[in-house]
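The same chain A turns up in both complexes below, where it pairs with chain B and then with chain C.
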Partner chain A sequence: MGPRWKGKGAEAKALADPMSKIVSQLRLSFIESDLQGLLSGCIVLLEANAEQTDLLNRACFGRPIVNADKDKQWFQLSMEEAFYLCFALKCVKIICNDKWLKNDEEFWSCMTPKRANFHNLCIAYSHLRMKNWVVRSGSQFGVDFVAYRHHPALVHSEYAVLVLSGKDENTNGRLRVWSDFQCTLRLCGSVAKTLLVLYINKNGNGVVFPSCLENYSVEERMITRWNPEQSRENGTK
Partner chain B sequence: MGPRWKGKGAEAKALADPMSKIVSQLRLSFIESDLQGLLSGCIVLLEANAEQTDLLNRACFGRPIVNADKDKQWFQLSMEEAFYLCFALKCVKIICNDKWLKNDEEFWSCMTPKRANFHNLCIAYSHLRMKNWVVRSGSQFGVDFVAYRHHPALVHSEYAVLVLSGKDENTNGRLRVWSDFQCTLRLCGSVAKTLLVLYINKNGNGVVFPSCLENYSVEERMITRWNPEQSRENGTK
Partner chain C sequence: MEDGERERLRFSEGRNDWGSDSEGSLEDLVDDELCYSSGDIPKLQFRKDVLKARWIEELGMAEVLERKGKMWTTTGIVRDGKLYCSIEETLFLAEIGALHILHGDDTYLSLKDLYEKVAKGTDGHGCSWESLEVYRHLKALGYIVGRHGIPWTSRSTKTNSIAENELDVTSCNMSSHGILITEMFDSLQFSEVRPKFEVYSPNSKFKKSSPGSPCFLLCLTSDHPPSKQAMEDLETRYEGNCIKFCCVEHGRVSFFSFTKVELPVLP
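Showing the complex of A and B:
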């Protein structure tokens, strides 16, 4: 299943303005203004100027909060988005109770009690973003994320993403029984998405690399129903 | 969500020919001819005469096997169907390797290694059938069963049924994470079915009642999305 562009000219528009370029502009702008995000409950609040607001919207990070101020715009980031901007792009500092969370260990210990599977969701989100996919919540489709080839205004999401622990650690997660597979695949089919399962494995025993992301490996599996017709040597159309 | 009848006159037809009557006719006919089912792998094979074939089809049990013989028709029953006919209706004897399975313990020990959750599926199937629901496999919709108010030729299935172990024993099953709920409810909604979850509890410690079904209690829960509009005191239409 290829990308489903929204209307004429959407593909050309996307090609002319690659996501990687938008994100690196955003990164430079954030680093220049030494941007700080405030951790509040399960979200991170970010104060952006006009240029940054434009870049955040184009890169599809966070959700703008309605306010009357024309020069400053507040954004609400999910934990995965905050993690990515902070520890992969290293362009946002996260502040929790007036304390700067300097490394991922401090971030984990601050966030893990608030949400199960949080660790894996952050790693998976970063994995897809680093490949220039636009990633949004998949709760509408009963998955963790959906992944877009470019901005959701230009293209429909292509992948429904489930994030699972690798190496037989998947004790509480999804896809442990056939009925769950059948349910998920039928739903993905009906909304024209491919099911992508990301298994998150921790490398080594507590080895800490310069970037916390290098402590993990991500295994990608696309899951589709097997169609006997398509597997014949003389394939049908 | 009420029943969705298939075309004009379907409801009247169903009312004129209640499922309970069809099943009790089938039961009498089976007892009279001392019917035996042969356990083969994960199915039970049944040889039916013309009258029994008609009753099996009308009550929607099993799947007829195509053959050339006009007087005799073979039927393939699922394990749940065989369990119900054998231990709830007590009108079929099940034979496994030339040995008659006299009680449910013998049946369990013969079948359990072949399929996980088999116990619970049989109890749930019987529970619904005893209330005169027609029960078929729900694998098409990623659930264990679908339940029809009458024969599937007359009405669409109303419930998508998931069978879970009760009392915190649900270690490997469905609906343990939010994304699974979201997925299942979205799919059920899109095919106009209500999600019915049956929790199977075992009563007492190994107490054996005259019928094995009395050893279990079934807890029914219907799951729907909460719609704030519908919960207001001055309800909308």
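Showing the complex of A and C:
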């Protein structure tokens, strides 16, 4: 399944305005203004000016919080988005209990995570964002993320992403039995997305909180159903 | 096999879910169970030319006695000039009324006898009921299906078969039956996931003497998908081959691919 652009001219618009450039502009602007975020539970709150608001929207990070304030716009960043902006792009400082979080170790210990595999979710999110894919929550489809080739206003998401641990003991219990696959694949198909599984492997010795993204490797696998009735006309594959 | 027969066979297996692979299909597709009312179950047409084979118990295979017709280009293995069918091939042909199976000199095996052979014993001659369902599903659609690791002829140029010299009848003291027993035993499912079948696309030019590479190797699984480690082991062992997994539930056969990919870096 290739990209499904929304309307004529969408693809051209996307080509003319590459996501890497938008993100890089965002990064510079945030660094210049020394932007700080406030950690609250498992989300990070950001107060953004007009330029930053525009960049956050164009790069598709966070959700704006609608309020009456005319000058500033508040955004809430998910745990994965905050992790990426703070530790991969290094353009946001996160404050928790009146002190800055200096590294990801502190981030993870300060946060009250909702999911057992929250490390892996952050790594998976960063992995895709670093390739300039736009990544948003996939909870409405029963998956971890959905990945877009550009801004969701221009294109439908192509991939429904599930994050699993690379080790055999699949601690988050996803995709354990065939009916899990049948269910997820059925859903993905009915919303025209391909199921992508990301296996996160910790490299080297087992330190509980590795200190940087380089300590992980990510393996991508596409899971598809093969239909023998359809394939025999088109040639098997 | 004729198209009409193929269609009828497909119906008899129950409708398949046309599901998630369809390009851009967003509607909920019709995949209701096909339930029959009495008198409604389709019957396959009685064939004019019914051929004969003889069941050989120690091999768990049938030796084909009459080799007329085109179906033998894609069914059965050749050893020492003789043609043998596995239990799944035998059953498939018996079900469509194309083969009568002799037992000894004068009695014929009924479908019941054949089903009992699959049901009995620890391995049912290397074919569980699920394997049979998978074989039948693909064969009825025109695919060419062989047991993995069993060459089509003793002169096939497959590289992953049992060592060539074991099949060289002239230099070996074993009878062709003996060689076959070894081959069939070795192809039995082990506890780890191994490919069960090799599948070739429907092709009228298929030649047993040089079948080429299969489209994919098919692994049967139980109630759960293969672990990541098992998948990687298979990919290493059978490098260069496409591997698919299937699961059979309530008579429905589903096929899955777990393809390694790398999403492109976007601009």
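Keep in mind that, in the parts below, the second predicted complex is superposed on the first by the 216 of 237 C-alpha atoms of A that agree within 3 Å, B and C clash if a C-alpha of one lies under 4 Å from a C-alpha of the other, contacts with A are read in each partner's own complex, and residues count from 1 in each chain.
Heads up, the rule we're going with is that a residue touches a chain if its C-beta (ideal position, glycine included) is under 8 Å from a C-beta of that chain, and two chains touch if they have at least 3 such contacts.
Please read these numbers as outputs of a predicted model, since none were measured by experiment.
In the superposition on chain A, A:Asn203 makes contact with neither chain B nor chain C.
Contact with chain B, but none with chain C, is seen for A:Cys183 once the two complexes are overlaid on the shared chain. In the superposition on chain A, contact is made by A:Trp133 with chain C only, not with chain B. Once the two complexes are overlaid on the shared chain, A:Phe141 sits against chain B while remaining clear of chain C. Looking at the shared chain after the overlay, A:Met222 reaches chain C, while chain B stays out of its contact range.
In the superposition on chain A, contact of A:Asn103 is made with neither chain B nor chain C. Between chain B and chain C, C touches the greater number of residues of chain A. When both complexes are overlaid on chain A, the residue A:Arg174 reaches chain B alone and has no touch with chain C. Once the two complexes are overlaid on chain A, the chain A residues touched by chain B in the first and by chain C in the second are 176-178, 181-182, 185-186, 190.
Those residues of chain A whose C-beta lies close enough to touch chain C in the complex are 1, 4, 15, 18-20, 128, 131-133, 147, 149-150, 159, 164, 166, 168, 175-178, 181-182, 185-186, 188-192, 196-197, 199, 219-232, 235-237.
Residues 117, 138-144, 162, 172-174, 176-187, 190 of chain B are the ones touching chain A in the complex. In the complex of the two chains, the chain C residues touching chain A come out as 10, 16-28, 137-138, 141-143, 199, 201-202, 215-216, 221, 223-225, 227-229, 242, 244, 247, 249, 254-267.
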